[in-house]
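What follows is chain A paired twice: with chain B in the first complex and chain C in the second.
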Partner chain A sequence: MYGLVALGYHITWATSRTMNFSQGHAVMVGAVVAYAVFVGLGWPFPVALLVSLAALALFGALVERIAVRPFFLRASPAWLLATIAVGIIAENVAQLTFGKDARAFPSPLMKKPIMVGSVGFYPQELLVPLVGLLLMGLVQLFYHRTAYGKQLKAVAWNPEAAGLMGINIPRAVMASYALSALLAGVAGVLLAPLLNVAPQMGTIIGLKAFAVAIIGGLTSAPGIVVAGLGYGLVESFTAGYVSTRAREIVGFGLVILVLVVRPWGLLGEKPARRV
Partner chain B sequence: MRRLSLMLTLLLAVAGASSVLAQSKEPVKIGLSAAVSGGSAASGEAIKRGLQIAIDEINGHGGVLGGRKLELVVRDDEGNPQKGVTLARELVEREKVAAVFGGLHTTVALAQVPVWQELKVPYMGAWAAGTNITRNGQTPNYVFRVSANDDYVDRFLSRYAVDQLKKGKPGLLLENTPWGQSNEAGLTKWFGEKGVKAVGVERFNWNDPDMSPQLLRLKGAGADLIVLVANAPEGAQVLRSKSKLGWDAAMISHWGISGGRFAELTGDLSDGVTFLQTYTFFGKQNERGQYVLKVLREKYGVKEPGDVIAPVGTANAYDGVHLVALAIDQAGSTEGPKVRDALENLKGEYKGLIKTYKRPFTAEQHDALTDEDYVMVVWKGGKIVPISMK
Partner chain C sequence: MTARLGWIALAVATAAVPLLTSNTYYLYLVVSVGLLTIVTAGLNVLVGFTGQTSLGHAGLYAFGAYTAALCAARAGLPEWVAIAAALVVTSVVGAGVAAAALRVSGPYLAMVTIAFGLIVEGVLIEWGAVTGGPGGIFNIPKPALRTHYWTVLVAAALALWLTANLRRSAWGRACLAVKSSEVAAESLGLSAYYVRIAAFTVSAAFAGVAGALFTFLNGYISPDSFTLQTSILFLLALIFGGLGRIAGPVAGSIALTILPELLTKLLDYRLILYGSLLLLSIYWLPEGIVGALSGGRKRAAPHPGPLPIGERGARTLAPEGRGQGEGQSDDVLLTARGVSLAFGGVAALADVNLSVRRGTVHAVIGPNGAGKTSLLNVLSGFYAPQAGTIELNGVSIMRQSPYAIARRGIARTFQTAQVFSGLSVRDNVAVGVAGRRLGSLLVALLGAPGSRPRELALQSRAQALLERVNLGDVGHEAADALAAGLRRKLEIARALATDPLLLMLDEPAAGLSPAEIAALDRQLVELRVRGGPAVVLVEHHMDLVMAVSDRITVLDYGRVIADGAPDGVRRDPAVIEAYLGATA
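On to the complex of A and B.
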């Protein structure tokens, strides 16, 4: 699950060498919008999903336009703070409009746990990784098989050459932001029944997804997928066999370890050294 | 010219006279420092309602000190201790309140203790249950409370577990906060008095999505009862994880799960979860209970007891105001030290909402309610139902 959100970091990093640090909050926006349409207005779930995804694409595009592009064009790293700021604003707007209480997101897949031996799980918990993997596959297809995906990749490899070939770079960057927020939004809708919907739900998800992106390698989509699954496993094993209080220590300790040993991530490309 | 000055003199005289008059009939201000916005807003609103209902009732009977009306001044501390300290001073120094009521957050209440001591103004806790709020080691102590006290809560819960439910292997599941810690100490102490030792102590963080590992360990340790100290969102996740494990151990809880949207978050899973309250509007009501419910219906659109938001806040605050008003009358003054002394030595009895109070406070005891006064309730079909005790 972290993998889906983490992939968002990879997508924008690949096209523009910038990242949307409000990814976690995009998860929250996805869940809150879907809740508002599905539970608040009582519209059917597919409509809620579509509205939520549209809102997320818009959110991503907006983040790019107001928090990244002005700084990106000046080659200033201020986009880092600016995207964090957008996330905090999103959280506070959600608190004002949605309220601070956690709300339940109804799902038919949360009614009854499936029991396997003495331990059970909710079908929803199974749905999350399945949809996650499916989407990651689709993203890969989009990059490798469609013309627009190839354009985005071209921008990633060599922005100057891509620009000379007539690719609209700002638009390509904006598209990558919209796509990455969209993935986060899907994650939000999928997680809502499990985690409940709350304005503050995004922060820790965003942080852990970033940890996953670092471990897997910002430049490598498969690395992130593997790291996402691995991170989840490490977390549950730590919680199960050591202590819940050790979970975050072990998880983020891993990040530091990876940064020391393989700063480019498990499957990331080692940047070529210029001699 | 002379006529003008005459008129001015007259005017001044009238103004002077009316200000003397106003002084004797000046309202007595009662402050409230609570979170009335944000996630705990419901608790602040509930306390406000309890205060207002009691104040209107007292004013309807002629107020205090022979005709002075009570007036409520509300300040939002947002659950933030720094903010709480600032507005504590503001309430006393600018608004000149005679007493201040407090809200849900133990951290805020603890931070404010030195302010009440310094400014010599009585404080009446209406929610926060932290043990050292009232047991703060100060003499004379300006901090009083009509609410739960963690230490008594833990005694109450352990007694209920051992004597009522006949359980001997409790597993503690606590939030990883000072509140959880103070209850771990209390539960260990009071279970110990009963010769019972917890088979496991597990903790979780706020917003944790899955409590299965903790529950599995408690189950593995052979727990026959889960004692929970949690607020609504985490309490809900505990229930979900418990149902995933197919574990049907009984569960009793501190009152954190009464707030928020526990029933909505858990659905039928909440059925049978037992927890404590200082008061419940369900079941047979005494005269004051009927009166408070009537006002809640007429003024606040409450249709049935289940609609009363955060009921303990309203009940605690309601009785608290009556006790403070009695103390002011007995002291014959609104001066802090005199009201404080009167609170510690209240004469007569007050037939209140929660119970009949006979000298509720002494120099040593600043909690008007103890484990003798708490009630056990249970979630049933999304509603809180009282449990009769043996």
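On to the complex of A and C.
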């Protein structure tokens, strides 16, 4: 499930060599909006999903416009800090409108657990990785099979040349941000019933997803999905056998280990040094 | 002058606070500003000077605080021992974290430092036996607030003074060089990794001391004070105050301590406030409050001023003993045999042989895309060839890092001149003169008097080199303000500053006027007359090449198609065909 959010990092990185550090907050926005429409207004779930996704695409485009575009192509970490700033603001706005308390998100898939032997799990928990794999497949198809996807890749490789070929770079980057936020939104809506919906949920999800993206390799979508599954497993084992807090220590320790041994990630491409 | 008055005013104001008021609230506020100043001054060395972002300094701050708390509360040691212990522990931890984390940079580094911060926070909560768990440690013996006020003020002033010293030293220049162009810094023999570790360690030590002082301010500590939010606050204070400016940490710390206090009613909006402040300062105050106040003029590194008369040329730094090589029987300096390099199946270099003799100018020419620059990048260690051998002075330099090769005596310039922005023209050359010999980091921090003659020698040699390329008059100007032609000259002076055995010039005449090319011509000839380094010259201007070269190697499609004296090469049919596409 982190894989899904982490794919979002991959998408913007692959297009613009920048990343939305408020990706976790996008997950939160997705969950909060879906909650507001579904539970607050009492509208049907599909409508809530659509509204949430629309809000997310807008959020992504907004992040790109105010926090990334002014700094794109400048060798400064400004975009990194600016996206963090947007995330902080989003969290505060959510606190003010939604309240600080966590709320449960009802789902038909959470009512009765399926029992396999003595281990029980909810259908919802099964749904998350399935949707994750499906979306990863779609993203891969998009990048390798469609003209627009190839354009986005061209932008990543050489923005100047891509611009000369008539690709509208700002729009391409904005599209990648919208798409990336959209994935986060799907994750938000799917995760909402599993976790509780709260404005503070964004930071930690965003960080873990980023950890997954780094472990898998920012340049490799399959690497990210594999790393996402692996990370989830390691986490639940640690939580089960050691303690809940230890799971974060182990998780982030793993990231440092991977970065020291293979800085470009397990399945990522080793970046060529440009002189 | 105004800057000095500002510092004096600030010192007087802070010293007056405890005399004018007995309200501990104000004392507490000033102490908070002081603590934040110490952390951000350290962070300034890492982010402002060296250009690496850390979002994990709350973790180092925590290390300092908990070390001090354990020393004072559990072991009953006096305050100064606890602070010293915090300094040592965080320096060691910082160096360790840096050695692992700085193998990556940019967003990856941000992630590693975030991960470090979260791990520290997690351990503080989990390891209750030592850290007191979520409740933290309390009943730490603490000094009276008034006493502590002075301790913190002195420490903060010291922190600023140390960073100012560092900035003026060879270390400071090395940091700025690495920030501006890692590639160019390595080509001068600096290891970017090593410089960054040093900067990270300094910033860690500062954070540790501030953490210890924080412990003695409150008498209790808990993990709540050391979250990711704290790390972001540190960075925000620095950026808002002025990245890379000595006064930046003070201004940012004052603003970010006072502002929330004024807006306590808006507590719920605090995050929005921080977020907007961060965005605003990135947009409109890229150099922070201090940058905006000093009129927005772009200032190069503080300049040591004119050299005292009598010191000029009085001492020169002896070139590093570079053992003139063992196999010195012939006069061949550099030999490359069978060098091949491919980028994903495209051969950039195929079986290239090159032999450069001492005291000669060896030109490498060829049509665009022939692999000339790739060859330079292989020789200087920036690209690793798939096959072949390269020897300098009979010693293999294959698979060595660029800075190691630079230290062995190969200097170079770049196709697009890479001057160090943020440094003056003379300081650019001074980076090359110092090379790897940065001296002791501690001496640089303390600005110890012993380092002064060395610094003068560095500067006078830099000035002499500038005069050799006719840049003597612009030594004090900011390097990035130079016109393109002058940048190339500066690059040559900087490369010569390393006292190389071999100087590699990548299209030094590109974009120069005919008069400037003639001057370059003279310089190259002069270099040879003076017994200077051998030169490998990659160039398109045939007049220049034919005039100065002793030998020419012609590349086409990554292969050597001709090699020999200029006259022979000029008449070589293969060369004519490659250049003119003629089949005649």
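Just so it is clear, the second predicted complex is superposed on the first by the 268 of 275 C-alpha atoms of A that agree within 3 Å, B and C clash if a C-alpha of one lies under 4 Å from a C-alpha of the other, contacts with A are read in each partner's own complex, and residues count from 1 in each chain.
Please note the rule applied: a contact is a pair of C-beta atoms (placed from the backbone, for glycine too) under 8 Å apart; a residue touches a chain by one contact, two chains touch by 3 or more.
Not measured: the values here are computed from a predicted model.
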Most chain A residues touched (candidates chain B, chain C): C
Touched partner set for A:A85, first chain B, second chain C, both or neither: second
Partner chain(s) touched by A:Q200 [first = chain B, second = chain C, both, neither]: first
Which of chain B and chain C A:R103 touches, first, second, both or neither: first
Partner chain in contact with A:F210 - chain B first, chain C second, else both or neither: second
Which superposed partner A:Q140 touches (first chain B, second chain C, both, neither): neither
Set of chain A residues, in rising order, touched by both chain B and chain C: 95, 245
Contacting residues of chain A [partner chain B, same complex]: 95, 99-104, 113, 115, 118-122, 194-196, 198, 200-201, 204, 236, 239-240, 244-245
Residues of chain B that touch chain A when the two form their complex: 38-39, 41, 176, 202-205, 207-209, 212-214, 216, 232-233, 236-237, 240, 243-246, 260-261, 264-267
Chain A-touching residues of chain C, taken from the complex the two chains share: 53, 100-101, 103-104, 106-108, 110-112, 114-116, 118-119, 122-123, 125-126, 183, 228, 232, 235, 239, 268-272, 274-276, 278-279, 282-283, 286, 343, 373, 377, 382-383, 414
Residue numbers on chain A that touch chain C, as the complex places them: 19, 21, 66-67, 70-71, 77-78, 80-82, 84-89, 91-93, 95-96, 203, 207, 210-211, 214, 243, 245-246, 248-249, 252-253, 255-256, 259-260, 263, 272-273, 275
